[in-house]
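After this come two complexes, each holding chain A, first together with chain B and then together with chain C.
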Partner chain A sequence: MTSPKINETQQVSPKNTMFIIGMMQIGVGLLSFQRIAALNSAQDAWFPVLLTGASTLIIMGVIFRLLENEKPYGTQELFSMHKRFFGTIVGNALNVVAIAYQFMVGLVFLRAYIEIINVWIFPKLSPLAFSFIFSVIIWYLVMGGFRAITGIFYLSFIYILPLNLVDFYLIGDSHLSNLLPMLEHMPYDYLQSFFKMIPCYLGFETILFYYPFLKRPKEAKQWAMFGLTLTTSVYVTLCILGTVYFSHGELMTQVWPIISFWKSIHFPLFDRFEYLGMILWIWALIPSFALGTWVVSRGIREITGYIKQKYALIFVFLLNILFCTIIHNRLQINLILHYLSYVGFGFLYIYIPFLFFWQWILKKKRRRKHV
Partner chain B sequence: MLWFKKEKEKEKINTDTRKTDHPKNVRHLLNQLKRNPDFVHYKHVGGSFSCWISFFSSLINDESIHRDVLPFLYSDKIRSLDDIRKNVPIEKMIRTSDLKEIQTKLMVGFILIQIRENSNNALLIPSVLREGRQIEKSEVETSIIGAKEAFVEAIDTNISLIRKRIPIPQFTVEELRVGKISNTRVCLTYIDGIANEENINTARQRIKDLEIDHLIDTSALSQLISDNARSPFPVFIDTERPDRTTAGLYEGKIAVLVDGSPNALIIPTTLVEFFNAFDDYFVVWHFATAYRLLRLFAVAFSVLSSATYVAVLSFHYQLVPTDLLGALITSRSVVPFSPMVEALILEIMIELLREAGARLPTKVGQTMGIVGGIVIGTASVQAGLTSNVLLILVAMSALAAFTTPNYKMGTTIRFLRFPFIVAANIWGLLGITVCFTFFVCHLLRLTSLGRPFIEPIYPLRLIDLKDSFIRFPYSHQTERPMFLRPGDPSRFDYKRSKKRAGIQQNDIDE
Partner chain C sequence: MKRLISLISCILFLALSGCVQPSIIDDILMAEAEGLDYLGDNKVLGTITVPNYVTGGVSGSGGGGLPATAAMMSSASAITYDGKSLVEKLQVKGQKAIRVGKLRVMLLNKAYLQHGIRKLIEFRNQDPDVGRDLYLIMVDGSTKELLEGTYQTQIPISRYIYDLIFHNQEKNFPLSNMKIFMYKYYGAHMNAYMPIIKKQGKHIVLTGYALIENNRYAGTVMGDNANFIFKSLLETVNLGYYDYEYKPGQHFVLEDIQSTISYKVKNGNGAEPKITAQVKMSGNVRQGNPEIKTKNYYTKMKKKLQNHLENRMENMVAAFQKKGVDPIGLGDIARSYTRHFNDSSWEDHYPNAQFRAHVSIDINETGSSEMHDSSS
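For the complex of A and B:
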């Protein structure tokens, strides 16, 4: 069922990698990361945030090598890679794990967003109703193919960027001395913050699935790196802003510090900016959710080989709606997020280097056979 | 089985009547046509030559037939049809014995000449009557500075209006016929070498593949060949201005003309072009840009303002600054309805006014405006049906919607408001955002002749951005839109144009 070559009319320009990666990483996590980052390393939180960002660059490099090395063997994506590396049965089992992970990420994103809306705007907004309407719209989008999804990434990038710039209104009320004393924490504290920041940066690994849809994929590498640098800079600046705007004790009481940021911004015709901010934040959710469902439905097609993607898509959305209604409270969301961050960490920092290593071994083996 | 038989019988009857409809020979055809009072059919008896002459007096040019055709038939030189052909000073005469051709040509204003009434052997002399409206000022897309000419209903006049502006042999006109009964002339015009081959082929194919009985207007054609017939957005621009059409052709677009329609269809187009008035090209680029941005703002305002009002007053009263709250409360306190009902009443009232104004003759229409705008507006506020804040918003958004230069797009924009108002009533601002997301997804998927519809925005193409929201000066628009994938992408050489203009980078006072 795997189509070896993607038609050029369905491919997108490599520049879009930047938008895709940037918007995949900016999600609901951004609203709450400042407290989590400062949990262990207080005023030095920006340092581990920067470190995690830098580490994503390295992982991205590995991913690109992995994908480029795959060129002579077939489709450059994770699903077929799994099948080639480990045989059909084990490979498909791993594929199932991969799509289950992607599915959970999308689901938790959606549910966490509904949670925010419930807490701040509509306490009685039914998760069923919202996830249903939302799924219908995303279904309509994903039916348009990867190009339409990329378009949403690009547009959401345009919509979300001003929201982040608005935070700089707060510089006037900040206390730069909060940053001092600099770098006085133990390496262990940094390490803990480093781990805790990983879930925020997750999402860029989806390039493993859409890589064949990029025109001139060699050029995509630099754009991907741009994207990663951009999100890292966004995270670092927001982290510093959080440190200088709140005192450490106050920051610890904020579940969504960014929303508190917006709360203190006033426009002459618009009193409570956080409402607009939160509602606009749906645009951070739409693209990642759309790409997530696209990956999952495509995965179902690749694994089974006979289910068409459009039918798999409906199934994925039904599952999403079901799980959205099953998850009841913040604690459950946090629990899932907690486990997901472990899986994500394992996937990116252990499994991908392992895959790269395995690919290298296979190459050696093959060469030996030829000799 | 009975119904089956009946069906069969019906079919038989149908085929029978159809047989009588289609003439089998010339005699049959002429007998059929003789029933019409404007059909002239008589025997001409001259000194050396006699023949049967038939034509539609309503379709032929009376003057030319009496001056150029009939006098020659009396001449001694003429003894056969071929002699007529040699002697009558009219070009493109057709000698044929094909019944179908005889029929179609008779119906467009040819004169049929036969030796014997029954013979299929005939000569067809063109003497087409070209009568129609004079070329007049454009009514819909008015222009303050630019050309005032507008297309008319006659397709040949329209082609001449374009050809006058493109005096090169590469300007190509392809004629197609659409409609099984109407057999309407549809002309596909483009500049060969600039227009993209693929675009031309797609357009031609779509028009050829149409399965339809009659075609009346370009707007019907634009709906028939559009990429997504279910979309509320028009994907092709129709314009009544030959200068705009020509500008499109020079960019590498294709213009489609339909006989009987005073519009040209410019394909393919992007969303942004619908908000560009052609006047933008006649003013300095600063102001053109300012007007374009104003129009885009107007569109956003028009779609979102009343919905935001509903959302804010129903759910998010916290958003309103305290100073404004007093004014809102006083204006709303007498209104017995929910904000959505209030907004819908006013919106529908405005739509009624517009529709009445459009259907009425101009002179009555003005009174309608006064009655609607002033009397109903103030009265409804005083009666406590609506709040005056909303009245201002709705009136302004109606005004804003009319800034859209394209009428069809303006209609779409006006009707987009209603789903937004309903969504705002369900989920407040969240509902508006969800509704907005849906339309953005729709626009992302929309194509115009297979090209992405929201093009300079996504896919992002900087060259095309130079003439979209902002209009760069002419000297910077060195390339044709990438969107069209033109055969020859560059308009002129930037460096050479600078050199010719004599702009040198001199120092001060040199």
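For the complex of A and C:
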């Protein structure tokens, strides 16, 4: 069942890991995290945000070790790893869970984006029409293979970067004294903010699926770490900006503080910057969603062994469109996000260390057998 | 095949524009100013104005004096309940759909502020259609009269008011648009303020600032001198001026004042917190007084002005404390300087807080003429 080694024409340079990881982590969570981070730890929110970012570096280290240790046994990815560790049946069941999770992540991102568009610009935009047309674009992209997806990651990185620079317009309105007194809260408050920040950082675990597509994967490690550091710095600076720009009471009333940021920027010929910002934000959505569906469709192929990826893809899109239409208000989106954050936490901080441990046990067992 | 798909997807994206409601600039009325007059018993008289884009009259515009296809309606008003979206209410009077996206100024009369602005502010915060750089303004008199009045300028009333306030906030008046208002309104231990304007014949004048405490009107800071003091306590001043009457009937003016402020708080949780403000100013004297010798500006008069400003600042804060309003946000400053700040007891301690101001003035130059000893 192990798939053959990936052809070099399909592989990408290890540098791209930075763009993939960076852009996977930047999603709709970025638009709303400031309030959530400040919920428990007010002016010290930047600290748990930094801690969560640091913890992702550790998890990433574990993921890389896990994948590198897998080299002698076959394809270095989660699907075949599951099958090797737990046998075909249990392994495939776990694979189904993994792709269901990836599917939900993509779906929620898309649906939350549609919600933002609905709230801010086009109240009448139907999720059905948008998700349908969006799916056609993503289909085109995923059919181009992993290289095309990587290209889109690079492009979106370039497009989204200036959007973050724009936020520095607001430094003029900042009240630096809002950051004082520093580190005043109890460890328990930080812990709560730490957990609440985890969903924002999710997305980097997709490296478990595309690792074989990286040329010279050893080099990819440092780029992955760069990517994680970059997103951490983005989150921390935005968190500090949110603290100094809003008073705590005001921040608590904002659902999407970043969009309120943009709302305050205006140029002589361009009165409302947030409209541009939100439309540009689709560039954060396209690559993450494309990679998500790529993983899901590839997973379906790996599990069944006979369904081709392009047919699996159509099935995934139909499901996506269906769910996008069924979910029709913010409460439902928030509910899914809530549960998803638990699953994501469990997956990254519990399940991956567990896999690492299991791999180690298997290695011991095998060595004993040989001796 | 792939090209075909990309082509189709592009075309489909164009089709998306059919899904939503269009807003063509010629076919909508853009409300730029809203005025609310409180009538009592939760009833509000709301007025909106819409700029009138009429071509012609102006040479080179090519309109030939004929009205364009654009909006002809210029204002509308109706009585409604407090907290109601005016644009929605007035839609039935609109010749075309009225949109609120370019709202520039919101005028409220004094009775409205006395009644309470909570519903309005919550609505503004919730409604994503409106930008955050509009001005919330109190009108001394009726907002309807002010908005529907005729003035010397042909420019739409909304922009007239906007420009008037904008340029004054670069000088003596504190910055106050909606984003600053919201900051102060929702923030703990600070109170919001908004400019006051008044119709005076064929002009509009900015008279001072209204203070808001607990959703309601809580006094004013009137005049450009008082507002200079107010502004220098609040934020960095870049182009202020201060008219100093050093003895009855005798003035000199400190101009182009740059001023920065920093606070220090001691004993923030105690019964009598000590707050010290350090104000550093630098400015020029252009309009002096023939009585004063030039070199005295740098010594005697400077000292006098420093003492005078310190007194005024301390008096202003004392007046705020007496009324129980805190537009400067001294409570928030105390919070930032105090570990484990006691939020609940601050309200009791605020009136007893000891406020000291230290002003140091740096006079850069005194213009192009000099007054010597002999010339007097």
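Observations on the structure shown:
Please note the rule applied: the second predicted complex is superposed on the first by the 369 of 371 C-alpha atoms of A that agree within 3 Å, B and C clash if a C-alpha of one lies under 4 Å from a C-alpha of the other, contacts with A are read in each partner's own complex, and residues count from 1 in each chain.
Just so we're on the same page, contacts are C-beta pairs under 8 Å (C-beta built on N, C-alpha and C of every residue); 3 or more make two chains touch, one makes a residue touch a chain.
Everything quoted here is computed from the prediction, not taken from an experiment.
Within the superposed three-chain model, A:124 lies in touch with chain C and out of touch with chain B [touch as defined at top].
With both structures placed on the common chain, the touch criterion links A:282 to chain B but leaves chain C unconnected.
By the touch criterion stated above, A:154 is placed in contact with chain B alone, chain C being left untouched.
When the shared chain is aligned, chain B and chain C each come close enough to touch A:140. Contact with chain B, but none with chain C, is seen for A:13 once the two complexes are overlaid on the shared chain.
In the overlay built on the shared chain, the residue A:169 is in contact with neither chain B nor chain C. In the superposed pair of complexes, A:268 makes contact with chain B only, with no contact to chain C.
In the superposed model, A:184 lies in contact with chain C only, and not with chain B. Residue overlap on chain A between its contacts with chain B in one complex and with chain C in the other: 122, 125, 133, 137, 140, 143-144, 271-272. For chain A in complex with chain B, the residues that touch the partner chain are 12-13, 15, 117, 121-122, 125, 133-134, 137, 140-141, 143-144, 147-148, 150-152, 154-155, 268-272, 275-276, 279-280, 282-283, 286.
For chain C in complex with chain A, the residues that touch the partner chain are 2, 5-6, 8-9, 12-13, 15-16, 19-21, 101-102, 125, 128, 131-133, 179-180, 182-188, 190, 332-333, 336-341. Taken in their complex, chain A has these residues touching chain C: 119-120, 122-126, 129-130, 132-133, 136-137, 139-140, 143-144, 173, 175, 177-181, 184, 246-250, 252-253, 259-260, 263-264, 266, 271-272. Across the interface of their complex, chain A is touched by residues 315-316, 318-322, 324, 427-430, 433-434, 437-438, 440-442, 444-445, 452, 454, 457-460 of chain B.
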